[in-house]
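Chain nomenclature is as follows: A, B and C, assigned in order of appearance, with residue numbering initiated at 1 for each chain independently.
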Amino acid sequence: MSSRRSDHPAASSDSGWRTTLLSNAPLPVLIALLIPLGWAVGSRAFGLYNERIVMLVGFNIILAVSLQLINGFSGQFSLGHAGFMAIGAYLAAYPAMTYSRQFHEPGVTLLFFLSLGLTVGIAGAVIGGLFVLLRQSRRLHRSAPGILLVLMLVWILADFAISANRPTPTLAIWTHGVAALQRLFSALIGTGTAPAAKLSSALPSSIRQPICFIILLLGGGTCAAAVGFIVGLPALRLRGDYLAIATLGFAEIIRIAIQNSPPLGGALGLTPIPKYTDFAWLYGCVIVTVVVIWRIAYSPKGRAIMAVREDEIAAAAIGLNTTQYKITAFIIGAFFAGVAGALYALHERSITPTSFGLQKSIELVVMVTLGGLGSISGAILAAAVLTLLPEVLRPVEEYRMVIYSLLLVVMMLLRPQGLLGGWELWPARRGHVRAPSPTVAEPVPA
Amino acid sequence: MWRLAGGADILVCLGSASAGSTFLVTEFLQQLVNGLSVGSIYALIAVGYTMVYGVLQLINFAHGDVFMVGAMVGLYAATGQVPPAFPWWLHAAVIAGLFLALLVYRLKGRSWRLTLGKLVPLAAIYVLAIPGLLIASTISKRLSLPTWTATIFVLIVTVTLCGVLGYVIERLAYRPLRNKPRINSLITAIGISLLLEYGGQNPNVFGATPQPFPAGLVPGIKGALISSHHIVIDRVDALVLGLTLAIMIALTFIVLKTRTGLALRAVSYRFDTASLMGVNIDRTISFTFVLGSCLAAVAGLLYAEKYPSVDPLMGLLPGIKAFVAAVFGGIGNIAGAVIGSLVLGLIEAMVVGYLPGGSQYRDGVAFVILIAILLVKPSGLLGRNVVEKV
Amino acid sequence: MNDTADSALRAEHLSRTFGGLTAVADFCMRISPGELQGLIGPNGAGKTTCFNLITGVYPPSEGQILLCGQRIDGRPPAAINRAGIARTFQNIRLFASLSVLDNVAVAFDRSAEKGLAGAILRTPRFARRRNQIEAEALELLATLGLCDQAAMVARNLPYGGQRRLEIARALATRPKILLLDEPAAGMNPQEKLDLMQLIRFIRDRFGVGILLIEHDMKLVMSICQKITVLDHGETIAVGTPEQVQNDPKVIEAYLGEPV
């Protein structure tokens, strides 16, 4: 009935160092590749225009791979990835423009993020408290929360209807609250600027700029991750198409909110943003992203995430905390999307809300699906191909996008499992994991 | 999955809508009429979404673009403009594609009967389209607006073309993927949507710049119906409301009283069982698409009449809003789609009318409603919660 | 014998209604590690509903469930599994795209929640733990005769293998009580004999208490020590196989009223 366990190649009893060495060995090679690649790009051997395309490929790779974690490995169909990118972009561009003084003030930049975090945290606590209160009201009666919500809505509407252009109490609460938060934020920044500046000058001047840049990237990513958490929470209850539409809705709300925020430039966008991203930084970030997500996906944590994707009920039946795994995927995916957004913003000298709209989200979903759900190398490949394709088609400028969309349809018809079908180009694990099963299953949440 | 608790609820809600014109006037009622008017247009689109979702569990992303095509075709038919003739290589591509499909089917070993059965309808559409379009463009050049002949002509041409478009899309893009994971159909739907949008932006077809829709397509449509006591109800709005009401009544009749409607409901409940009971699934699904597309065409004409500007991207926002409305009302439920659309239209009008700076947030309303309903009751107002059996 | 100290699963006066339908009424049961019990009844009797109640898929409308003296009713399924109850499903629910090994390994490693940093940096500790888990998983697979198929995608396993894999996965969670929902469905007589042997083997080797839903009377009667019979949600008989076999109410429920 059973064969010997030790015959199986997977059984090994080394102390672990072997794996560590093997896993980390390719890294120096990848980093070293930067030199020839960077030289090729930097020497403008292919022209200035092509350098821009290479950068775009880089951004899209980070975005596609981070989306693959959410859509492919975690099986949650997110159509709102551009929203996370937008958060990262704007919340890196704004401090870069306003506080960092051409990247010479890492301290103040850090202060910005800390103050922002504190302020938003307090606001979030208040709103969260409201939600918890609503939930607890369920103790009184099962439909108490629903009734309370409806009552609130009716009150707000009645407010508006009655007062018609005069300030209403509801609106007053809102504006006062927002004003208070703004005062808190300014106060924090105000008091902290001096010590922060001292901190900045304490650093040797040569690393001040890189550190500031890194702070901006991490800050943008973290803000995006926080939004990812907020989006991931309600997403837990939704399946398939509903989840897609909900994430789409969130991304659009983010975009519209940005569009209507004067400090963020409104519909005209933010400009001029100091430029710092170059090929080397982008390359480094791409490597980091791919390595991190690869390692998460092909680890016990990734395995658990995939198990939750395969069958949530069975996963719960073996003790997995499905909530945690699903939200983790969102948070990590959103983080890297935010980093990509930050990189993008600090490369383009200006950003507008329209570049982070539905079209971008769709582009990314197409990349991930075309590459094959559940395959990181597939996402990379598809990102490269789909970024280069419109450029390749430039000679047929008029029909370029028509051909692009036609190719999309044909690809889906002819090879639905994607280019790589869920397999990886580089061997992932000994117990191979294959293409995911249909993830868009039940139309209604349980 | 469809629950029409008799046609009564649709009639009730629409009845209360048209009753507004007999009330005494306030600004509130003005907004009400605005909201209902826009909501009715959304309703025509939303019904298409909800029907397709009911039978296929597919979000037809391309539906909003069929709406756009309706407006575009209407523009061409009404003004006598004809898009420049399709380039020769497009014709060659279509013919080549048909032959290729023929070859592939035969090589795969399918019988002649099957092959021809699949390809003949498509070929027929192609062959008939050329002279058909020619005749239509000749007639449209001789039209003079506004006359009833012109209106009927434009209506027929638009509805027919969009119906055919819906049929072709389903046949080519959705039917082959029916047994595959649904995300593939979603991507294909997105691809078709992009195809229609970019195709429309192609200068050979329409171009990217918006063109004005001829006002006064229907005789007597200009001007106000009621204009007293500070309330103005345009005739356009009255037309929209009236036409939508009539269509909804007709739709209810079709779905509840005819055999095709019965087949529709059967397929939306249980796909496989319906086919076992002798329902021709393919035909039923095609019917659903054609019906939805015809409604979208009418919606396109009405929208263009109300906001007389046509451009290839005009279908995006109304499409999304109509979809949100369908989800809000309970996707798969026709009455829900209608109610959801009307409520959405109303809330939009209220926000624009009463919120300071509200017109900027107009488009956001739909998404806020979406998130709200998905958080509170994801199956929608009239939807049923389907729980997975363990 | 001290009731609260032993690790028994006790269901007390469980009932569950769905809308107007009473699926289960006044269900009582007690099973300890090492026991082999059966739950039988005609289709629709409420057997799977009992399983779902015990494993927390939905809460009972009335009654309580205790494990080792602690109440577990109303808790989410993952928490109940960690407390020590594992189950298989009537329609096999494997992680179809994962490999056989991964199916079991993921059940072993419930602490995959920690260790994100280790996964990213691939520290030696991370590698050690991962290897250890996979070794344990392989061992379990070997016990159940699936070692050769460890790298195979779960979807491609033959039917009997899939059932065994599901059982292996449930065992990987180190339960005190194992609930098997129609494990012999779709098996031929030889496979059923092997299954009987396997179930006894699991009970002896792992010391779990096993509660079995089955329709195959021969199987149930030959391996179960105690059988509970349900019909339309109500318990109509409890006892040893001999007692249950000869109970007139049971015969009537299965075969109808005597002519």
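The definition used in the following text is that a contact is a pair of C-beta atoms (placed from the backbone, for glycine too) under 8 Å apart; a residue touches a chain by one contact, two chains touch by 3 or more.
What you see is a predicted model; the values in this text were computed from it and never measured.
Chemist: Which chain, with its centre taken as the mean C-alpha position, is closest to the global C-alpha centre?
Modeler: Most central by this criterion: A.
Chemist: Select the chain at the greatest separation from chain B, using centres from the mean of Cα atoms.
Modeler: Using the mean of the C-alpha atoms as each chain's centre, the farthest one from chain B is C.
Chemist: Give, as an integer number of Å, the spacing between the C-alpha centres of chain B and chain A.
Modeler: It comes to 34 Å between the two C-alpha centres.
Chemist: Can you check how far apart chain A and chain C are, centre to centre, with Cα atoms defining each centre and the answer in Å?
Modeler: Each chain's C-alpha centroid was found; their separation is 40 Å.
Chemist: Where the centres are mean C-alpha positions, what is the separation of chain B from chain C, in Å?
Modeler: So the centroids are 50 Å from each other.
Chemist: Can you list the chain A residues in contact with two or more other chains?
Modeler: Expected reply: 313, 437.
Chemist: Return the residues of chain B touching two or more other chains; collapse runs of consecutive numbers into ranges.
Modeler: In chain B, the residues touching two or more other chains are 390.
Chemist: Among the residues of chain C, which are close enough to touch at least two other chains?
Modeler: In chain C, residues 57, 89 touch at least two other chains, as defined above.
Chemist: Name, in rising order, each residue of chain A that touches chain C in their complex.
Modeler: Those residues of chain A that touch chain C are 1-5, 8, 10-20, 23-24, 291-292, 295-296, 299-304, 306-307, 310-311, 313-322, 324, 374, 422, 430-437.
Chemist: Across the complex, what residues on chain A touch chain B?
Modeler: Against chain B, the touching part of chain A is residues 77, 146, 149, 157, 160-161, 164-165, 234, 237-238, 240-242, 244-246, 248-250, 252-253, 256-257, 259-260, 313, 358, 362, 365-366, 369-370, 373, 398-399, 401-402, 404-406, 408-409, 412-413, 416, 437-446.
Chemist: Name, in rising order, each residue of chain B that touches chain A in their complex.
Modeler: 27-28, 53, 57, 59, 173, 176-177, 180-184, 186-188, 190-192, 194-195, 198-199, 201-204, 316, 320, 323-324, 327, 331-332, 350, 354-357, 360-361, 363-364, 367-368, 370-371, 374-376, 378-379, 383-388, 390
Chemist: Hey, which residues of chain C end up touching chain A in the complex?
Modeler: Its residues touching chain A are 55, 57, 76-78, 81-82, 86-87, 89, 93-103, 105-107, 109-110, 112-113, 115-116, 119-120, 122-131, 133-135, 138-139, 142-145, 147-148, 150-151, 153, 155, 169-170, 172-173.
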